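We call the chains A, B, C and D, going by the order they appear; numbering starts again at 1 in every chain.
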């Protein structure tokens, strides 16, 4: 039997005694810390922490932990979040026509590597419906035109909220989201950009990479913000190329990179290992 | 002005409340934790910690910290080590004829990246004397034959002890050390093996790699133990090769890998980030 | 319209004039060379070549090229193979319970990246039948016991031959093949071993890696020979690990590595870019 | 005894029969091809080739090969270059204050890995003089101000020409060269830029990378052209970073990357493996 774990994600202004208070809180109620990671951002004097402990034997009932912890949180003016290993994140996936990232997420989730509850797949095309059926996940198509965008996004939000979606993953979804949509899911929309950002921002990055003659291509997993391709980066990786690679080869190599990097970023988010901090991230991997 | 830091390296049987006591100790005396990392080895129920705090404003004088901490150490039956950022490790380098690792260590140290006090270079050949002179470090040659080995090692130990050497780095030193020498500097001798251990143990690993037709070669930085090439691994890295590479090409690619991996391992040791644990390491990088 | 290409794979004793004769042959009949790669193994004085030319405008009809080339082949006592880009390799996949490599091959093939004709999936279990159905590929189960092995392998060979299978891919197939089976498909069986060979030969390599405390794990794609895990290596890759990774984490990281490395090896074979040469390979990538 | 080799670097409009003529030329005079690599750029219909053969037994005397080859070159309207393995490239190194790239080049050259004839070190500072003396290479300081730049560059060109310098390597040289200087050594000036171009063009790339919060940093070795950081890329590599890395850590990691990537690019140039083609390169590695 795997016992349940609690995970605290904390950030606040740095000061002496924070770790002592938090670890004292956990040990007082007989919790045993399994993982703990912290970071101090010197420039802004900000303290970040992720602490995970076993609830087996912990003397505060699960539903009262937040309340019990609040005094410490208030004392240090913390931003904080309490998660439990048994409560799976409800995740929705957006996809257009390329299905390699979609498959990768669905397969890794089924294999238990991602451990999310995938509640919905949304697309602007019919193409991936058969995949959704095979994996037994609801699939809905919202066609997007300039005129219908606002209205369709409202319907998407309604559907996603009704399913309790906590995380939106854009798995090569080729529509730009409106600032309103982005704000509704602030820091909870993850995108894969098919370049090593900030190189090759915008459209057709593989064509740009080919034209520039780079020897390495990349992919970037990031949170979506109002500014296109400017959001906080969670994960990046690269792949070597040469003059022998055509644009089509770059696309193929890139697809294998995209699915890897997107999965890595999504997994880190699902494990509650990512702090967003301004336009950057603190990733406790 | 860079203020001084204290670093505690701890291992003990895991139990509830360890982190709370340590962090309470530090905050009680007004220390501010800069870095903290911990690990629990489930199989053996062992707890590992590395905690670093600022001594600026810490109310226990530096020379009394160890004494003050002892009560906690005894309570949890800890193995522990207290280090200070201002106290440079005294390091000796052993070298034979290949000088690429020697140069790398000397240059990185001079650039401030390693931050050791290199007190002695020892060789079984005259070849590297000019290098030692250029970097202004004492150089001593101890010729080793089967007959003189014991006697020469005794003289080496005497010299190293007189210089206060805390760390011995074998920078492609081609003599096997005796168990007695190894025991004298237990867990303080770092070697670079020119293969991806445990592949290609023993002599001429590049020739072995060539014969086997591998597509990747590696290098391994490890602590020296009685069993040749079996000691705890600190760092490893690899490099791609192809059928076009001759044995000589492997040697050249390997040399560039060796100097990288050895430097990385030595740096981790100098930063007190490595716990030796049986035949393995816990590396808090 | 993509025009058809011919590919010649050649090996023979090295001597002056080989390239001249081959390129003269192609240009005489108005072929245009698209790719050409060659290698000279000095130790054995062996010459290897892969040359690819456009058949558009080539004045020898496709079915007579082999015959026309034979004079040159005989003159230099060549081992040679003539392939055409339009003729897809017929590939069979063997799988046991882990399905990550199977999915990867099926998805990459469907996306056009592998470009094989997958004629059969064979397993010793029922588990993957649904996958085969989804991808519309014949699936057959052959239960293997010590007693039935010989008989079952004979039936497998019969089935594979009837389908014209040119390549057998062991996608985490957990049965050892008999020397007779191996001989029947000599140099046409590709396996993925879940370690960086020659490290951790045999069973449970991730457990071996964990016990040894390595900092990098690997996967190896190789041709199957009589000697277990000793066959010619086609491709290898690695992934970083740390003390934080449990054996289960190694298995998960390893699975993502295995599917990558196996796909890469299979792709190289399908593109006729691999020469087997004793226990090694020449890979023209 | 290592016999001498001839190397032909060719580019021209693609057409049928080029390889046949070149290889016929070599075999007619009893040359044995050791390496041959070619590439066809489809978009521009350009053919590139690098072919290397043994002069041992070649019946045209070395000094008459160019003349003998000219008929073929004219027929196909080739750009071409004939090199000999015995004739070392005369290389000059420019450096400012950071000396890590300078040391790396000097050490790799001394170890026989680069195999250049380093004829001059030029700097705008006195700092590296001792290094030049240790390696026994002429060192000259040219202070550069806005007013003196033109005049100083003229003197530099005069010195470099007098030494017969064929290749200028900017080993973290912090002055921008004038278009006139660049033109004098067109495609023969190699620079190391401390970012993964085209990301972070211009000054202080590590500060830019830190501010953007990327998870990977890079270095780029390229030929210098009039447009700053826009020249043809020869080699690139990357290194992982995390939120724990300060700007100073990026600088340190970057320095180790720079020396690696610069050495790789310089080595490829010295081996005559690089074709410049518009703003890109064809690298036959």
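The definition used in the following text is that a residue touches a chain if its C-beta (ideal position, glycine included) is under 8 Å from a C-beta of that chain, and two chains touch if they have at least 3 such contacts.
It should be emphasised that the depicted structure is a prediction, and the values quoted were computed from it without experimental measurement.
Looking at A-D alongside A-C, one finds more C-beta pairs in contact between the chains of A-D.
Chain centres here are means of the Cα atoms, and by that rule the chain farthest away from subunit C is B. Taking each chain's centre as the average of its CA atoms, subunit A and subunit C sit 36 Å apart. Between subunit A and subunit D the centroid-to-centroid distance comes to 42 Å (mean Cα coordinates, whole Å).
Under the contact definition stated at the top, not a single residue of subunit C touches 2 or more other chains. Residues of subunit D touching subunit C in their complex: 14-17, 19-20, 23-24, 26-28, 30-38, 40. Residues 100, 103, 107, 111, 113, 134, 252, 255-256, 260 of subunit A are the ones touching subunit C in the complex. The residues of subunit C lying in touch with subunit B in their complex are 39, 41-42, 196-200, 212-216, 218, 232-238, 242-244, 246, 279-283, 285.
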